[in-house]
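What follows are several structures.
Below, chain A partners chain B and then partners chain C, in two separate complexes.
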Partner chain A sequence: MERLIFDAAALVAIVFAGLMVAGRDPIKSVLALAVSFFALAVTYVLLLAPFIAALQIIVYAGAILVLFLFLIMLLNVGPERPDGVRRPVQTFLGSLSVVVFAGLLLGMLRASGARLPGQPEAVAADALPDPKALGRLLFSDYLLHFEAVSVLLLAALVGAFVLARRENAQ
Partner chain B sequence: MTLVDGAIVVLRVVVPALILPALVIPLVWVERRVAAFIQDRPGPNRVGPFGLLQSPADIIKLFTKEDVVPAATDKFLFLLAPSLAVFAALSTFAVVPYGPTIRVAGKVIPMVGADVSVGLLYVFAITSLSVYAIVLAGWSSNDKFSLLGGIRSSAQIISYELAMTTAAAGVVLAAGSFRLTDIVAMQEGTFRLLPVVPRWNFFPQVIGFIVFFVSAFAETNRLPFDLPEAEAELVAGYHTEYSAMRFGSYFLAEYINVIVASAMTATLYFGGWSLPGFHPEGWLGGLLGLLIFAAKTAFFVLVFIWVRWTLPRFRYDQLMRLGWKTLLPLSLANLLWVALLAIWRTSR
Partner chain C sequence: MIGPIPLSHVLLASGALFAIGVAGALLRRNAIQIFLSIELMMNAANLALIGYGAALGTQQGQIIVFFVIAIAAAEASVGLAIFVAIFRHTETIDVNKINLLKW
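Let's look at the complex of A and B:
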């Protein structure tokens, strides 16, 4: 049963990620991405990581994508139209990277063995990995990484602020 | 799992999901009667005794009216958006404990839909999805008033979500858990230093409570923060183009959201179903716990109504300024304060 839900959710995630790339209407693309994130959260739950699943929804679907929607609606971006120009170089490079990526993916699956980790049925609800343990790990073993990321985010924030100010001054 | 266990799970999960929408019927009547009382007029009092049948009559009207879908809309999203609103409103309640864990005939029954370890995060995850219902309605209607309402809503909900989550982080810090039953459990009894005061989060975290409750108004789009549908400027905002029960679904979602926000306030800051000196035993204890929880929730629902008919609507820049420059710093200060309290408690 779990396997079935997992496969269905994974399939939905992949199909809607594809729709996001292929769609011509930016709003529809954002929504396809939201569905994809939701399906991804379902797979996280089945991989016994409900904390990551909740964060996936709160941060990506609930905040970042809503900001995307806000901007697209504010600027009133319409569907893009094909301009009729052929781009042979881009087409070639694109197809090449698809082949390389597929090869990498296959190699990784071969190496690790494509199967579901864990034993979803046997684990009781209480034995699930606890947000507390994750927090402790984040603030002990991975403290340096955590702080580095926060500095990086701060730098990005300041950078965005400076760029926006310069625009205003002109 | 025996048949009885299965039946218990169904009762725990399905009954609240059915009762919540049913509660909206009397709630609309209460809102209109309280509004009338505040404005010194009789209110709906013609249909049935005390006007009690007014809401059922309105529902029959909503269901039997023509469902108009304007020509230039994005049909799929236009039809999807209202159901998304009701879905988000209903599924939030799944993790809220509405009563104690009771033992009846040798069976342990926790009175909560699903007691998950990331309970509070789940609530925020689902409420953050409710913005899609409004934004999509605004965009798919292909109408400038709807679009403006949708844009406002997305900016407003993101801004207030930040303050709300940070305020609630104080509760998580105090309880050391995201699980809502743990949060209720740590609020049982009274303070050790002041044995007459219940150990509710409200007392040490009164600032957090104020931020949380004010943000709840913005998250539920209630006055004074109902700018996505501000009728004075935007006709009816994001639901201008909706009619019949699709329009009604937005009302349903709004009132369910009010109930859930009140229930969350009662759970996070006022001890949920617990009272000092109340030790639930058997099914009677469960019933009493449920009644206590209902009474606390009803109180906050009344405050929601009271505020709506007392305060005027904010201007949009005022709304943004309040969210970012007042509520967010306050919630951060509250978090620091709770962290200090936690250090003090562990160092003793």
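Let's look at the complex of A and C:
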């Protein structure tokens, strides 16, 4: 049952990611990616990561994608139109590298057999890592990293402000 | 195995999402869609990290994903600010038309 739900959610995520890449309208792309992220959140729950699933919905779908939508509407970006400027070399090389890359990924997966070194036993559902344990780990072993990320976010805040500022605004 | 879910399914889904993201980043011309493809690739990596973390029975995978999400948020804000700055100069975000470093 869980396996079925996981496969269905992963399929939805992949299909909507494909729609996101295939569409020409950026707004439809963002909405398709939001659906894909929600489906990914479902897979995170099934992979015993409920806290990350909540973060996925709140931060990715809720904040980052809304920021994208806001920017698209602010800049009034229309659909990409076929303007006659075709770049066959670019398209060919891009497609070729995607095919080669996908083949390499598949080959690696097959070669490793998706096996893990040691540790074949299943994780019981009652060993589900709760957010409390995650938070304890985050604020003990990973405290330095956590603080570094907070400084990074501050730097990004200042950087975004400086970049988007009007130069001649006094 | 993570409960009843085989790890190979997780890795296959992650690989497929990453390949779609690569295709989008290479083939689209709209800067916003390229950026969305990059976000998709990050999510594919997150899925693989969580899958391995669950299969190995540790929390490390989730910790890494936590940091990846925080960095993705920082990256999105700076990247979108760059788009706004570029759009002010050139009135477009088609990457084929943005070919000058200085105006």
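Please note the rule applied: the second predicted complex is superposed on the first by the 138 of 170 C-alpha atoms of A that agree within 3 Å, B and C clash if a C-alpha of one lies under 4 Å from a C-alpha of the other, contacts with A are read in each partner's own complex, and residues count from 1 in each chain.
What we mean here is this: a contact is a pair of C-beta atoms (placed from the backbone, for glycine too) under 8 Å apart; a residue touches a chain by one contact, two chains touch by 3 or more.
Just so you know, these numbers come straight off a predicted model, no measurement behind them.
**Q** Have a look at where A:Met73 lands relative to chain B and chain C in the superposition and call it first, second, both or neither.
**A** In the superposition, A:Met73 contacts chain B only.
**Q** Determine, under the contact definition given at the top, whether A:Leu55 touches first (chain B), second (chain C), both, or neither.
**A** both
**Q** Is A:Tyr142 contacted by the first partner chain B, the second partner chain C, both or neither?
**A** second
**Q** Under the stated touch criterion, which partner chain does A:Ala63 make contact with: chain B (first), chain C (second), both, or neither?
**A** Once the two structures are laid over each other on A, A:Ala63 reaches both partners.
**Q** For the three-chain arrangement built by superposition, which of chain B and chain C touches the greater number of chain A residues?
**A** C
**Q** Once chain A of both complexes is superposed, is A:Leu47 in touch with chain B (first), chain C (second), both, or neither?
**A** Second partner only.
**Q** Just which bits of chain A does chain B share with chain C as contact spots?
**A** Correct list for chain A: 51, 55, 63, 67, 74, 125.
**Q** With touch defined as at the start, can you tell me which chain A residues reach chain C in the complex?
**A** 1-3, 6-7, 10, 13-14, 17-18, 20-21, 24, 26, 29-30, 33, 36-37, 40, 43-44, 46-49, 51-52, 55-56, 59-60, 63-64, 67-68, 71-72, 74-75, 77, 80, 85, 87, 91, 94-95, 97-98, 101-102, 105-106, 109, 113-114, 116, 119-125, 127, 129, 133-134, 137-138, 142, 145, 149, 152-153, 155-157, 159-161, 163-164, 166
**Q** Report the residues of chain B in contact with chain A in the complex, numbered from low to high.
**A** 77, 115-118, 121-122, 124-126, 128-129, 131-132, 135-136, 138-139, 147, 150-151, 154-155, 157-158, 161, 165, 176-178
**Q** Can you tell me which positions in chain C touch chain A when the two form their complex?
**A** The contact residues of chain C facing chain A are 1-13, 15-24, 26-30, 32-33, 35-37, 39-40, 43, 46-47, 50-57, 59, 61-63, 65-67, 69-78, 80-85, 87-88, 93-94, 96.
**Q** Going by the contact rule set out above, which residues of chain A touch chain B in the complex?
**A** 27, 31, 34, 41, 50-51, 53-55, 57-58, 61-63, 66-67, 69-70, 73-74, 125, 128, 130-132
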